[in-house]
């Protein structure tokens, strides 16, 4: 907070105005947007977190969801299936494409030893180019840009309007974020697979001894991570975007990575992180309008928050470790005295 | 240099919206990514706004898009302005087309304008004006200039991104050049195929233009946004007698001293004119609606004469302009 | 150098207390003690790696306080650690001159100096070779060279002979004598009494963290020393009568293993273990024990045939082997046995993910796993506040007891125990032995690997000696002495002399 | 004790000094590349493959990536993974522009370095002092740097306008450039020789011409830095200590080396190099600062460094490969088509070598790829434009896929080090 304030002062703007805007109670419209955006960010962060939980740095969320969103929009636009079935098929396609693109990095890692950090960065660039190519050669003319064929009306979801219509609707598929969150949380914490994944993440050697096949785990977690990444833009696609084209929201993948780290890769932590990031982004608008402060300050705040929070985690972790040791010693000493 | 700033509106500090107190129209101006101070599109819109503040006693608020923002953020920006009572509200850039289409029906009493915009659906919006430009016509004129100035019979074009908009520039430029010298050779390069970073990559612009100069071209026209400064530098490095042509605004005025002697002319896209027109129409009580094409006839596009390098050929260029205006020449909009 | 009343506590362990040693200049001073007696801890304190919780150190009559090895190096102390402190991807030269570049630079002068020392002591080291390419013996020599190169006045050697072959030991001792003659002081740690008697001028004995006595090597006998070392409470690892059945459980038939460079790590290993039998593997560390275990566990793929209970398991992965009843107590509990930042009850699951009570195959059964963890804590006397405590917080001995409990409670048919009592206090040691013996009576087959020869002789039904990846002798623990084993382990005896059962 | 039977471990029989033979190998490979490139040029008639202009463009495109790669090298050799290179580079673009405007290009370069160092300091604080995961810190740093440079540009550049440069909220152009030099006689001679299009000779001449004609002093500095990095890290005491921290920090600590201090030094230098890379981008490759100018080059630098096996020479080759393919595409798309022939030829060569080395499957896979490339070359006239912009990424990915297993990263790279954990 202090850092951000300093930056604001350096820029010659009013610190008071800045925090006023940031902490302003959001209007109904803002709340709808924050909810929708939180869902997208949450999915992105969840995708990143699955990899991080086993020390796999899937930096490629960006490319995975871009390619998946394009393909899903393309398939849904063809309307090969009626109404809701069309949605389901598109979701499956999105997951499959995201998984496949992430899987390339996974397979390269286990068979050729290519660091996933590098391969996913390269795959991001390649995904962007491939989508651009397909769009400009096979897309529909759309003003100065190109887009995929819009999805049929019967496959569009109206969403849920808690307030006035003009305040916007909460996308129906925000439910995907909830479902994915619960599923992944359950998968990681309650299942054998999740245990293997967490074990590999904290101590790969011990996991190997315990019978975990790390290579298989790497590929599977990349696939799951990619599948979730594939879902990122789906709430927006079926909630009003209707096609893949210029309004496509980029950089969610990178935001997701930051939020995953902020939330310590735990679904609940990620949830709060996603809401925080969505909130900050939503306030970027009034920031420029009301306080005349550049929206880039939001980015700085987000970065500083991530760094500050991880440093704080580390400090707390050290402190609790020391505390635990003291407690343990005290307990043992008491035992010794009473014996 | 005061004079210079007035023309380009690049001086961000003199924020007219902070000081404007008139009782004219209340303007909401929503910039694209980069916002005021981009020395291009957004600044040009700002120049129009500034003129309106002066001439029409307008007051204003501004908003700015961030990179990778949600569609809802764009809509929110427009709604915030509408709720604050702004009229007209102008979205600067094609990217606002969808947002305006979504927001405008909720505010039937407010006029919206979208620079470079279009109506994405079949339902016509009664309160929206789509302010387009005949970039191909302007490009035709600088094509003529390039062909006339080229000693080598070989010229070049550098586009930022290989999309339909920039292809329109290319088409006009090539047509103008070929019409002037049928056997002229035109090198065409795009910095990026689809990635918008091609508009913000001066290093790429420099590489592409250098390649064309090395290959024998002696005039290079760019339509690559901020990458263009790289094109100018390439002309400087290529040496005397090598020219670059600017785009959107009169780039001679914002170029460095070293670049100035190499900037032959610029294709002007008068976003300021369109912005001012939109505001004025609301002030006059007869808001613009539907598609408005700012072509040569409307003085929406043109070419710049700063530096005086085209003075000797101006008559021939103007001749072409007249023929376009009269319809005698039809400028293609696709390569 | 005088050490007074040193106290060092680790969570749950008092590693050093009431430690008092006086080291005369120009002598070789031996420090002996069982595993876990606190020798290494004391040395790390003397070298400034760890700070004592109490007590004083004097060098040359001046009281010193080392906050880092830098201070100790300045005071003329050099140390060879028990575990290698080498950077694999650097050359011998780079490893040696590191931190002492001022002496001879890092170029040709240093190279010449290293070659000189290496030749003088017959180390045969090439200064430009990557340490990665060296064998253990050579690495040990690099470590010693590092200290010699610095010309330290007081040299601490923490079990330097553990991985050396006898000839190398002799060469080393010759060097040490030379060094002593040149006025240097040497602090030498070992639990090999022969070596100590052969080289030391003074001997200090440590037991359970404290110095319990001194001995004069000219007069002391090995028996006396051993008694001092282990005290009177040493529990006997005697197995009692044999429970070996005639059912073969595990067979290794001509098993071999090569590393990625094509060097043989294991060669022609063949043996059988019956139900109710404990097969001990004796060998100097680094002679293929680890690789043997990993091959049997399925973590490495070797050649030859391994059968478990009559089934060929060569193509099975680690998980399938564990499911078939192979339990494993790893040598390095932190690296291979525990998830340090997970609570104990989740550590209960590790290695048993696929079976009850850990899971039902798909879901983790938390309740059952917790109950089972409680049971282990109670049965194996694991001192912990609760089963929700992170494994990291426990002392080494308690961690080890938990691992033993975990592996035993899964009803294994084969137990692979690698140094099961290393770094564990005497009481816990006895408990662990009891558990192993009980399971053996119930028909468990055990492969026991240990550096503690008494443990091996006491527990095993058969002892195989491994040297450079090959079985070089088979011994009957009823008749063999630690000396015989030691000789075989270091290649001192030919195989025939090793004597069969 | 009986102490006779066992033989001493065999004495090392390896060659004492590899440097001689290594240099020769590199020379031979270089020669092979030259000849094959010349052959491709002559066969296809696409002279842009290695014309003076292409090579100069390639060098200019290579330098920023190379600086980032060197930055990564320093940091990772000390055991700190620096994915924040991108952010440090961005900070460098701003710092370089700002200081050039007020104090001229030389102070500007220092400013670029200084801002990069600030980024490095932040990364060092987080990773070394607070023990935060290196990737986490790097990601956060990149996020902050993007926001900060955008913000600072708006705050400081928007109003600048004078003979020293023209500002804008997102750019600062028209900055004074660092000195450019030409070696008159040599460059002319080489240029005319290169224009003759003789086999091999003209190719060498083109290279000579490219480096003697209008070359920025900073470019020369960059290549000096490659050698300086090699020299400092492998030939000095400081470098030795630094590398030991990346291989085995506990061992280093046990020898009295202040690991923390060396890691800090490495991360700061790393940030400085990346910052200079940003400065290069703003002052040499392009006419000034532009928001988000690094465009992922920091990441590419990291990849180039890994590709180069954590060595300066390797990083040079990796960056060069990337810079070359990236600039070729803008230079002349026909070159990319010509390169298909080149790639096909080398793949077949590798295939033959692998088969000779009894790695049959690998050889066959490579061979099939090689034939496919040749076929692609033969049946098409050009590579689709969109694919040309993927070339650098696909190349990097493919090369890593084929070469990754021979790479060896510093053993303690990315591991969190805490003082006093020797055991």
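Just so it is clear, A, B, C and D label the chains in written order, and each chain counts residues from 1 on its own.
Definition applied: a residue touches a chain if its C-beta (ideal position, glycine included) is under 8 Å from a C-beta of that chain, and two chains touch if they have at least 3 such contacts.
Chain identities (UniProt): A, D = ABC transporter permease; C = ABC transporter ATP-binding protein.
Model, not experiment: these values are computed from the prediction.
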What chains do subunit A (ABC transporter permease) and subunit C have as common neighbours?
D
Could you state the distance in Å from the CA-based centre of subunit A (ABC transporter permease) to that of subunit B?
36
Subunit C-subunit D (ABC transporter permease) separation of Cα centroids, rounded to whole Å
44
Using the average of all C-alpha atoms in each chain as its centre, how far is it in Å between subunit B and subunit C?
76
Multi-chain contact residues (two or more partners), subunit B
35, 67, 162, 193-195
Could you list the positions in subunit C whose residues touch two or more of the other chains?
none
Residue ranges of subunit A (ABC transporter permease) touching at least 2 other chains are 129, 132-133, 136, 294, 296, 298-299
Pairwise chain contacts, counting only pairs that touch as defined
A-B, A-C, A-D, B-D, C-D
So, in the complex, the side of subunit D (ABC transporter permease) touching subunit A (ABC transporter permease) is made of residues 83, 122, 126, 130-133, 135-137, 139-148, 150-151, 154-155, 296, 299-300, 302-303, 306, 384, 386-387, 389-390, 393-394, 396-397, 400-402, 404-405, 407
Subunit D (ABC transporter permease) - residues contacting subunit C, complex
1-6, 8-9, 11-12, 14, 16-17, 235-237, 240-241, 243-244, 247-248, 250-258, 408, 410-411, 420, 422-423
Partner subunit B, residues of subunit D (ABC transporter permease) touching it in the complex:
48, 51, 53, 57, 60-61, 154, 158-159, 161-163, 165-171, 173-175, 214, 281, 285-288, 290-293, 295, 327, 330-332, 385-386, 389
Contacts from subunit A (ABC transporter permease) onto subunit D (ABC transporter permease) in the complex sit at residues 7, 10-12, 57, 108, 112-115, 117-119, 121-123, 125-126, 129-130, 132-133, 136-137, 254, 257-258, 261, 294, 296-304, 306-307, 310-311, 314-315, 318
Provide the residue numbers of subunit C that touch subunit A (ABC transporter permease) in the complex, in ascending order.
9, 11-12, 297, 299, 317-323, 328, 330, 335-342, 346, 349-354, 358-359, 361-364, 366, 383-385, 389-390, 392-394
